[in-house]
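Letters A, B, C, D and E name the chains as they come in the text, with residue numbers starting at 1 for each one.
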Amino acid sequence: MPETLSQLLDDSVLAMPIAAGLIMGALTINVLMLVWAERKVSAWIQRRMGPTEVGPFGLLQTLADMLKLISKQLITPSNVDKPLFHLAPLLAFAPVIAAVALMPFSKSLILVQNDFGLLFVFAFGGIAVIAIFMAGWGSNNKYALLGAIRSVAQSISYEIPLILSALSVVLVVNAMGFTLASGGSIVVANGLDLSHIVMAQDQHGLWFVLVQPIAAIIYFISALAETNRAPFDIPEAESELVAGFHTEYSGMRFSMFFFAEYTNMLIVSMLAVVLFFGGWDGPVLPGPLWFFLKSYMVIFVMMWVRWTFPRLRFDQLMTFCWKVMIPLSILNLLATAFVVAVL
Amino acid sequence: MGYFGKVLSGFGSLLTGMRITFSQFAKTFFGRKNVTLQYPKEQPKLAPAFRSAIKLIRFEETGTHDCVACKACERICPSYCIKLSGGKVEGIKKKRVAEFEMDFSLCSLCGLCIDACPTDTLEYSKVYEEAGYNRDWRVDLVAEFREYEAEFVEKQRVIEEKAATAKKAKAEAAKKAKEAKKAKEAEKAKEAEAEAADTAEKPDTAEKPPALEAKPAKADAPAKAEVPTAEVPTAEAPKS
Amino acid sequence: MGKVDKGDLGRFLPLVDRSATPVVDPRGAEVAADPAVVRLAILDDLLNMGRANSLWPLTFGLACCAMEMMAAGASKYDLDRFGAGVFRPSARQADVMILAGTISKKMAPVIRQLWDQMPGPKWAIAMGGCTIDGGPFKYPNQYAIVEGADKIVPVDIYIPGCPPRPEALIAGFLQLKEKIKAGRKFNR
Amino acid sequence: MSKALLEVLEPFTSSSEESDYGATGIHRRHTTTLDNLARVCEAFLGAGYIFEMLSCIDLREKEEIMRLCYTFNSLETADRHLVHADIAGGLEAESFEAPSISSLARGADWQERETFEMYGVTFVNHPELERLLLPEDADFFPLRKDFGRIEDAEAQDD
Amino acid sequence: MTNAVPPEATPGGGDGEVYSLNMGPQHPSMHGVLRLLLDLKGEEVVKAKPVVGYSHRAHEKMAENRNTLQFLPNTSRIDYLSGMIYNLGYCQAIEKILGIEVSERAVYIRVIANELNRISSHLLWFGTFLLDLGGITPFLYSFDDREEILDILDQVTGSRLTYCYGRFGGVTMDVDEDFLARTTAFLARIRERLGMYDDLVAKNVILRERCINVGVISTEMAKSYGVTGPSLRASGVVYDVRRAEPYGGYEKFDFDVPVLHEGDTMARFHIRISEIEESCKIIEQAIKGIPEGAILPKKMPKRFKIPEGEYYFAVESARGHFGMYIVGDGTDVPAKLKLRTPSFSNLSAMPEALAGTMLADTIAIVGSIDVVMPEIDR
């Protein structure tokens, strides 16, 4: 079994705090870059220039935003449900970090080696919904409440196609099995283990996006809905609900939601890379670099989709999920199961 | 098939949308060509007709403006943003404006004052990037002309005197010409009698009536009183 | 009569000598014209640097100047180059309130309420003649509009014009950045 | 101008005369009394005309009346009829009543609210006769001739 | 975001099911300062009550305090998106009343300027309509095209938005070859861009879902409320003031009035896009046929006295039938100037059109009506 980073640190007590610090640092830099990338990509798509004044190519723009948000006055509106209002940003922010710990950046570089990592990631994804609902309900603002109700309905209904499409990949992995480089023996692959999934693709040199194209598309679309992005950004629909569930949040609390949204986007694209685009395996470059490059490509596609499409209406969102996505993903799962059973 | 057809055609339309945005993205990112005018670095190319606050025109001949403080613009301005005062200047007949203040924060750039100005001395300035901490945007139009004012009055006085002397001279010339004409007529009259006297002896030389001497064309219309500059001899170039 | 056209874009020759007016920071810190007077701590400089470079305006157009504000945010005059392109709809996340357009008497309490809802260090830009002192709609006995935005909110930057060009709004933003950095010019 | 419309209109309008469209932009002008107003409006709407505009002229000084002006226009061929209805009442009369035609032409609903707010003409059985443009606490009628004149302000200044 | 609404201002509500939501005067898609008091049951709008007046600037009172010439700057600020149409419309009204002759060249220049202004207004509507539906990029593309029009008009009028280009009897500045060349180049560019917008937006399945049979305005309802302009033509009535009461030389150009019968948001969308095409056709004919000549009569009277009597003059603005009802009393100050603005009637049809729709549709429908607030509040 690949030694995890913690074994490298010979199980000293400091392992967990260091790992947490590493993740926080990496994520913060990632979010800074992602926000800058979003503004630059949107600028390039719209034939303009995006931030250029701050830092060499406007690279320090998000740093300036963060500095400003830190020093903003934290307003707590008067008749607000205080515990919910204050807890919501933290709850939105915390599970997101935990999910990153499970990601297999390379064969050996994995923070928490877990047999059913996939399940964990989906579980942490679910917590974010609670946070959004607390934020919406807590800030005693009709727009926020509407946004919260919408986000709960959307996240719950889009988790089903998400998980079903991931399941079809798990089925394929369990069927294929793979030989461990060292042991040489056929190991019963545990589809839920993220590193096993990537190893399966690595061994057979076959990315699952080719094996399961429909699952990949369904996964991508429901991932967009999970992270409240673009055609599905109904919870914080700018043109209808002013600013959706984070209408009443100012300063650092708002930036935590911002942080959570972009890290969610990162996790979902990392998972897509693990499930469909062969994790760390790539010809020349080292594992983690491939992993990040691929996830940034997925994030670019998410941004590209955001700046192209108008927003779906709420009931259309629901009908699209229940009438198109779920039947399609169930069909795909049955087809995979049938093919796997036959082989 | 209708169901899947609809889903597929819908998906197709999404893809065309993405193709278009990517082509725009490629034009900007790879083609290095965006539509942004980087304002602080590049100044915009303003049209000649661009309208900003009004200002007094500096004419070449006189080197200064030509406002006679007739308050036509103050009366016509719909937003009451022009306040000017001025009038007679000792030494010259022409009226001059002393104070011309215009509040640019009230001005709606309609241009009625420019049409109403009898001496066409107002025009739009080309100032477009004004921003400041202060609430007071009154613009003093006469500020740039103050130091030329004394010199202009001096030159104007000289011109008017010359014009006055020229008029006096012409008046005398006209008087002399009249006397000369009278004198000539008087001689002609005498010759006529003399001829009449000797024609009395030989009647055959038909008397040729003296060619009616063309009445000296009266000097052109008396110079218009109020704009003497029209007939001013070319003043030397103003040291602007 | 040929006219002498100096051709320079030039600046107004103001009746009131504006350069001498001290930059009065409504938040109490008397920042004299030359920045050397007040010695700000490094952290304050850094925070001001961050604030100056990420001014998020509130989406809040009143009338004609709002069209020029949208044009400033659009591709050709791209306000996002200065980090100010993120137009936040909710007052809680905005730093600058751009008052673009005529303020009617019915709108005044709403503007005051929005101003109070905005958090922390906040600034106001009065764009266009109507927000400076009534503009083309000011006449004696006018019953409908509030003549001047500083009757409602403490205004930091005044931009005259009817409507001012998007470049004037960008010039206003640059001037606001100078004010926030208290006139200190970092190596630009 | 369809002849049928004119016959229908005949009994309700006290006077109706031709007007040269080239100069005034109005084909025909009618005057009617307040209680015939509803029937005149029904006649026009019945003939396929639309209710175009309601305005009010403050003639309280000159002729002791407040004149309501309605225009109806046909969408197929340009045919604009101007209908006058006068409400008696001089400078000191404090209320002016007029029947509301918002039940017939829905477009009149807002125009009547605006006329009420600007001139003080209250429209009887109007669904919700409230202020439209002015702030809620405004208690003056701005477009009346005696309100907000420039000379009053200048009189106060100097 | 002013959701702290004084209780008495929100009608209904309180019986648990229906609650009232205040889409305040400051709202990203309320086109300036419109305020909608919505009674919602869940997401469905039970009753919508627009509250207007937040940008009431007393244009009509100012008209009674100024002489006819001094009212010129106000005209382009009533509806700043079709400022040129209003400004030149007011000039044409006074010329018709006083019988002032306008030279042929000035008529052609006015037609070109009007149609360019109409295209720029439709482009801005296209951008903000897409913004209301959540698509941000088309807003910036259409603004990019619109900037080109603003530069062309800026070259002749000197201002970008609130023009004061018209004078009684003509226009202030003449048009040169460069202006005509740039306009022709712009026509070619906008036609190619319309193709791109069609692919990017009109064929997009999400937009079609959001717009098809949403907010249907029937013909009777439109006629009863006095809705005019593209919204009326989308409900099946062929009424365009340029065709019904020809003014300012429009009878010289042949253009057809696009009409659709569905009356929903998608129909209004297609009507405006095809109107851009019609305006391009008019501009082309005008550029081809523009004669030489003066643009302003030599001698202008000092004061423009309006003779005794009542006059009505209508023009077709980008939003519909804009009528000026002028009552003259012999002096040069009009006794009464009523501005019959199209958005006023168009918006008055909203309470009936919005009842029973979803919250997201409310935004789409109000966006499709193309409302400009100062035009309503005057």
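One rule holds for everything that comes next: contacts are C-beta pairs under 8 Å (C-beta built on N, C-alpha and C of every residue); 3 or more make two chains touch, one makes a residue touch a chain.
Bear in mind the structure is a predicted one, so any value in this text is a computation, not a measurement.
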Revision key, fill the gap. Common contacts of chain B and chain E, by label, are A, C
Study note, to complete from the structure: Chain centres computed over CA atoms; the one at greatest distance from chain E is chain A
Practice item. Would you identify the chain whose C-alpha centroid lies closest to the centroid of all protein C-alpha atoms displayed? Key: E
Check your understanding: Greatest Cα-centroid separation from chain B: which chain?
Key -> A
Exercise for review: Give the chain pair that accounts for the most C-beta pairs in contact.
Suggested key: B-C
Check your understanding: When the centre of a chain is set as the mean of its C-alpha atoms, what distance in Å lies between chain C and chain E?
Key -> 29
Revision key, fill the gap. Expressed in whole Å, how far the mean CA point of chain A lies from that of chain D is 63
**Study point:** Computed distance of Cα centres, chain D from chain B, in Å
**Key:** 49
Study note, to complete from the structure: CA centroids of chain C and chain D: separation to the nearest Å works out as 44
Exercise for review: Going through chain D residue by residue, note those that touch at least 2 other chains and give them in order.
Suggested key: 133-135, 142, 148-150
Revision key, fill the gap. Multi-partner residues in chain E (2 or more other chains touched) are 1, 27-28, 53, 56, 58, 61, 65, 73-74, 77, 137, 140-141, 144, 147, 162, 200-201, 204, 206, 377
Review point. Of all the residues in chain C, which ones touch at least 2 other chains?
Key: 74-76, 78, 81, 89-90, 92, 106, 117, 136, 139, 142-144, 162, 165
Study note, to complete from the structure: Contacting chain pairs, sorted by label, are A-B, A-C, A-E, B-C, B-E, C-D, C-E, D-E
Practice item. State the interface residues of chain A toward chain B in the complex, per the touch definition above. Key: 41, 43-49, 304-305, 307-309, 324
Revision key, fill the gap. Interface with chain C, chain E side, in the complex: residues 1-2, 4, 24-28, 32-33, 53-58, 61-62, 65, 73-74, 77, 80-81, 124, 139-140, 143-144, 146-147, 150, 160-162, 373-374, 377
Point to revise | chain E residues within the chain D interface of the complex | key: 52-53, 56, 58, 60-61, 64-65, 96-97, 99, 221, 223-227, 237-239, 244-245, 309-314, 321, 323, 325, 327, 335-336, 338, 340, 344-345, 348-349, 352, 377-378
Exercise for review: Flag every residue of chain C that touches chain A in the complex, lowest number first.
Suggested key: 46-47, 49-51, 53-54, 74-76, 78, 80-83, 85-86, 88-90, 92-93, 95, 117, 119-121
**Study point:** Complex interface listing, chain E residues touching chain B
**Key:** 66, 69-74, 77, 137, 141, 144, 147, 151, 154-159, 162, 164, 167, 172-173, 196, 199-201, 203-206
